[in-house]
Amino acid sequence: MSHVVDRHGAWLVSLLMVVGCMILPAIGFAADSTAAGPTEYRDIPYIGSRNLIWIVAQLHLLLAGFVLGVPIFAWLCEIIAWKGGEQRYDKLAKEFTKLLTSAYATTALFGGILLFLLIVFYPKLMNYLTDIFFPSFLLYCLLFLFETATLYLYWYGWDAMQEGGKKTLHIFLGFLLNFFAIFIMIVPNAWATFQSSPVVISEGTAIERAWAATWNPTWWPINIHRLIANVVLGGYICGAYAGVRYLAAKTAADREHYDWMGYVGNFIGVFGLLALPFAGYWLMREIYQYNQQMGITLMGGFLSWLFIIQAMLIGVLFLGSNYYFWLGITYRIPGSENQYRKPILWMLISLLLCLAVWMTPHSLVASIEEAQKMGGAHHPLLGVLGVMSAKMTVSNLMILITFMSFVMYWRAGKQDTAPWARLAKAVMGAILALASIAVIILGVWGYFVPAIVRINYFSTSQVAIVIFVILTITPLTALLLKSAKTTTDMVWGRMPPRAGYALVLNAVMVILLMALMGYARSSSRVHWHIYGVMRDTSPYAYSPALGSASLIMVFCTFFFCLLVAFIFWVATMGDKAKGVQGTVKQDLPHGIPAMAGGGPERGEG
Amino acid sequence: MKPETVTKWLIRLGSTVALLAVLTGGAVDGVAQESGVVRAALVTGALPVDDPNATMWNNAAPTVFPMSPQVHWPERIQQVTVQDLTVRALHDGTQLAVLLEYEDPTEDPDDAAAIEFMVGDKKAHFAHGQPMLLVEGGPVNIWYWKSRDNKGVDLWAKGFGTLRPHEHQDVKAKGEYANGKWKVVFSRSLVTDHPDEDAQIMPGQFINIAFAVWDGRKDDAGQVIEKGSQKAVSSWWYFRAEPPPDYSGYVYAGVAAVLALGFQFVLIRKLKEGQSA
Amino acid sequence: MERALIRPIVIMGAMYAFLKFVLPNIPGSAEIPASLIILYLLLTLSGIIIFETLSAESKEAFWGPLQRFLTGDNIGRLQPLRYGILVLFPVLVGWQTYHATVPSDRPPAENRVIHPAPPGEYTGLANPVPKTPENIMQGKGFYAAFCSPCHGANFDGKGPAARGYNPPPANFADPTTIAMLQESYLFWRIKKGGVGLPIEGMPWKSAMPRWELELPDEWIWKIIMGEYDGAHQAPRTWE
Amino acid sequence: MSELAQLQLVALGIVIFGILILLFIRSNFFRVTGFVSIVLGLFSLMSLAVPQMASLPPADETIDIASIKTPADIAALGQTIFFSKGQCALCHSIGPSESARCPDLKGIGAKLTKEFLYESLTDPQAFIYQDYRHGGVPKEYPATMPRIDKDPIGLSKNEILAVIAFLQQMSGEPISVSVSELEMPEQGPSDPVKAAQAVSVARVQGQEKRGNLWNVR
């Protein structure tokens, strides 16, 4: 054991040395360039100040998303255990809260590095932001104190506060933890959104100025978007963790436990994913309304291809999540695959058709000959699939299909006994069919009405229809299942290895998506530090092309995965020492050489 | 048997399918007529620089370019005589010859034609390198021929009103009129001593090319109808001189094929092991 | 066994044939670029793999024969085919590498951004000319005089002067052009013309004149009204 | 080899790395790492396959006061300032708008005099209409008008006059700002070389040199 730990320690030291080496020259150069006048920018050789800030900021953001997503996830699980009495949820919640302390420290570490690097590399910008936001900087520090205190109480009090009123208090502590966490998220969100949609006033007290700048047009859309995205991230990372552990599990008990954990993680991820497109749509709408130029840069201008890539990633995520549901039906419910093969085939085909529409770009990549045959960069027939109306329609349909996957999974292996079951099923089928038709009709009609009608009424109606379907079918199904008799019990721990890989794939997609959107948000400001207010006059005022940016995103994703693996490993070290389950021994020691030698991308950042 | 092997298969199958699609697509494109690109075929022997009817021109694939009336500059025109321009090109490694063919019902002394190239790395607007507002543009190099003089003029421009002949004239041109059709041959060496003023043609590289044609017919009042900026023009298209054969690609291909063979070997061995296990 | 091998190939082939030969021949359609065909084929392929690996039985039915085929276990008369594929795969990889390393003989793909972001000073403008029938009529008159040679009398981008231009003049009747834009955007495009485009719009290729040199702003605003009216489109608004 | 080809090679390397791991290593953690690196490599290859466009910052636009000859020139300059450096359009709209956080400025140049406009820009709290359009219920707006001649916006007198000229022109009023009102530079435009040097120095240090030149954006 000690041998293993030593190797871990060595790895940690080498990591710290790498980080140190990256930062040291920065300090040296900083000293060099402060000679004449107030310094506006500093740089480091090879990697470049912008790239370093980019990587550190992205890692910090991903970690923060994880640290904010996990408490929501854990708290929800704790409540489920408290209300439903299933102790394994409580165990799961505790297992994840355990991660929080080390994850929290890592996030703070990266936050600190980011802050120092920003001060070192972008003194002019930081000076300006400090001027405007210093009251909220102070508030942020205060929030951190509260959050830390609550976290310690929540974690260390877990076992002590299990019974009766104490448990209620513990649940309340969990609420407080999330409450502060949300503020910890939205306060810095204000600084970031201010950069893309600034509201500047020069009069008034410091607090008034900070408040005006905080309440900028994209602040709340980003807050909501990030809150949901964090839940999605937390869920899918939980799933991926379970997937990896499942692959390595040796005993039946372990397989059962991690199979179930993977299911819960995937479920929470999908649950959030269903709401995410709505939040994203709202954000885009606010950006357009705030500044048409920025909206066009994103959707029609130099970033338009990014959204095709985004569509592909989300497409893989939808496919992966549904695949996992479907695998769950055929493997966990013995003898059910023939019954569900046909519906699954139809759902798969519809999903693929939706994806095909979603991924079809408006302006196509075409050779000069192909363009001549099409009469321009738009395909005369498929080009119409490239605009917003079509994309909104299919994303709504994809949400509906994924929701139906879940309902199917939920109902699988159960037989309805209620006398009104036939009627209820007919009603549900009718609702679903009518809703899909209505969504499609609105989508097609959207081509023939002015944009504003489409955006304000049609798109919102489509969203409302989908929400209506979810809100009617969920309780109906729950009612049906209450009286249903179980024909086949779910058997946990029988999933094939590819299910574990599907979970890992989903988590990687979510992380990549967050990295991609980080690039999009930053690039949409083009050559401004603060849009329209403070111009970026550094040599890094340009935004790199998607291809070279993708390698940095890949690096961030990979490095973040390793960090998370490290956090999980640190947090579960105690379990092994106790020797509770002899099985865990097998998988983790392998992790270390993988980390040390597993970073082929590290060089390119 | 393992999902990992499925993953491998996914990748392999995907690339194979993509390859097949490209293969078939490429084959279909190959037989289609060239469009948008003038390809100067590499030939040996003297180029037919002053013979538009030489049989050697049959070695070069013809490309047809649609022509439009010039509308960009205020002194524009609504209709033009020449609707299509057929272009062929040949080169021998040092010298380039370009043949323009177009139908013109009348032979007039003011009939004229021109080829335009970008000079240097900066993109130039096709209308005489007109300055662009948000992009820093470069100059253009124009090869001009007029029926009256029946010789080539080497010109330079960076925006309307800046057109001027080079001090050094490198371009030759010769036109022949027969059966209601002009055939004009332009020729020049591929590279010149003035890279700032002349287009430099590197075999293998695509450069932009555009064309202009003036029908020198006079109206009833004795005025030439197409003159100056009132002319038939084309957009920017592509030009490429065929490079000498390069065999280094075969070496890379061989290495890749050996690697693929190795991959295949290992994969099948692993599959067999998996079966026995 | 053969079914498992043949079915995916048949589906992929049918999909390819559909995209390459059927879809382009639907009236109003055109040939589909290779990039899009590859995208759709990859989607089809992932669909096949997902469906065939849904359950233990179907995966065995799908993968088992493939594996036996690859390892050459008891495949009898398919053995020659197996050797053929084993030879073909490295050849294909080599062929692809060859094409990736030799200088391309195809011209660079054109990736022009059709609606690039306008400069800030044009994003907030509202049309100052009242929308009266007379003004719209006048706008259509200006359109006929200045714009229709390229953009066409039917607002479809097929004017008599359009044929030689690449990129082709915009088709205003297409709901994905002016209907997605605000009037201020058109004002910018008409006023500054092709040379006013940012780099992603490839200004060096556009034949659009810089109309601010010839037309007063008021005429341009009227032309915009005439254009929307004539093309039966409405400008994008936020109110 | 082009930069794109190099990046593609790197991405391909990541994929091949993953494939090698899957082929030769049995450890689960390693295998997952290999799988992740295949996925990430494919993502990079895909991102490299779409059109590659970098967004470059536009050149600093400098306007020489000597080029301003007519009131219309002043208004044209004012339009640029209105939408960029002056940041007016961040809050104000021209024409009714749902999203605007401050009064609509359509027709303002016809309603208010030049002097009043100047005061409104430099001392906005001196005299307040809740809604300058009179008539109707006074309306509260969420943002307060800043002093435009002070930081962070800090327009010069010439720039403020140009914005006023633009507001008047936009409202269909005759422009009452004349060229002679503009503050003339200390060193005349007779010395273009020096002026050009001043610009380059100003740009290197990132400071805006006002007076003889406008540094717009």
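Should a chain be cited, it is by its letter among A, B, C and D, assigned in written order, with residues numbered from 1 in that chain.
Assume contacts are C-beta pairs under 8 Å (C-beta built on N, C-alpha and C of every residue); 3 or more make two chains touch, one makes a residue touch a chain.
Here the structure is a predicted model, which means the values were calculated and not measured.
Student: Comparing the two chain pairs, does B-D have more C-beta contacts than C-D, or is it the other way round?
Tutor: Of C-D and B-D, it is C-D that has more C-beta pairs in contact.
Student: Suppose every chain is reduced to the average of its Cα atoms; which one is closest to the average of all protein Cα atoms?
Tutor: Centre-most chain by C-alpha means: C.
Student: Taking each chain's centre as the mean of its CA atoms, how far is subunit C from subunit D in angstrom?
Tutor: 31
Student: Nearest whole angstrom, what separates the Cα centre of subunit B from the Cα centre of subunit D?
Tutor: Between these chains, centre-to-centre, one finds 40 Å.
Student: Round to the nearest whole Å and give the separation of the Cα centres of subunit A and subunit C.
Tutor: One centre to the other, that is 30 Å.
Student: Cα centroid separation between subunit A and subunit B, in whole Å?
Tutor: The computed centroid separation for subunit A versus subunit B comes out at 48 Å.
Student: Mark out which residues of subunit C touch at least two other chains, giving numbers and ranges.
Tutor: 34-35, 46, 53, 107, 109, 111, 113, 119-120, 123, 166-167, 198-200, 238-239
Student: Among the residues of subunit B, which are close enough to touch at least two other chains?
Tutor: Residue numbers touching two or more other chains: 3-4, 6-7, 36-37, 134, 237-238, 267.
Student: Hey, what residues on subunit A touch two or more of the other chains?
Tutor: Counting only residues that touch two or more other chains, subunit A contributes 289, 297, 302, 365, 367-368, 372, 496, 498, 501, 532.
Student: Looking at which chains touch, is this a line, ring, star, complete or other?
Tutor: Drawn as a graph, the chains make a fully connected set, so complete.
Student: Using the touch definition up top, name the residues of subunit B that touch subunit A in the complex.
Tutor: Residues in contact with subunit A: 2-4, 6-7, 29, 32, 35-37, 237-238.
Student: Which of the residues in subunit B come into contact with subunit C in the complex?
Tutor: 1, 3, 5-6, 9-10, 12-19, 21-25, 28, 36-37, 65-69, 71-74, 76, 78-79, 83, 123-127, 130-135, 137, 204-206, 232-238, 240, 243, 246, 248-250, 252-261, 264, 267-268, 271-272, 274-275
Student: Subunit B touches which residues of subunit C in the complex?
Tutor: Touching subunit B from subunit C are residues 12, 16, 20, 34, 37-38, 41-42, 45-46, 49, 53, 63, 66-67, 70-71, 73, 86, 89-99, 101-103, 105, 107-108, 119, 149-150, 160-167, 192-199, 202-205, 207-209, 213-214.
Student: Using the touch definition from the top, list the residues of subunit A that touch subunit D in their complex.
Tutor: By the definition above, subunit A touches subunit D via 37, 40, 124, 128, 198-204, 212, 215, 217, 243-244, 247-248, 289-290, 297, 302, 305, 308-309, 312-313, 365, 501, 504-505, 508-509, 512, 523, 526-527, 532-533, 535-537, 541-551, 553-554, 557-558, 561, 565, 587-588, 590-591, 593-594, 598, 600-601, 604.
Student: Under the touch definition given earlier, write down the residues of subunit D that touch subunit A in their complex.
Tutor: My answer: residues 3-4, 7, 10-11, 13-14, 17, 27-33, 35-37, 39-41, 43-44, 46-58, 84, 87, 90-91, 98-99, 101, 124-125, 142-144, 146-147, 150-153, 203, 205-206, 217.
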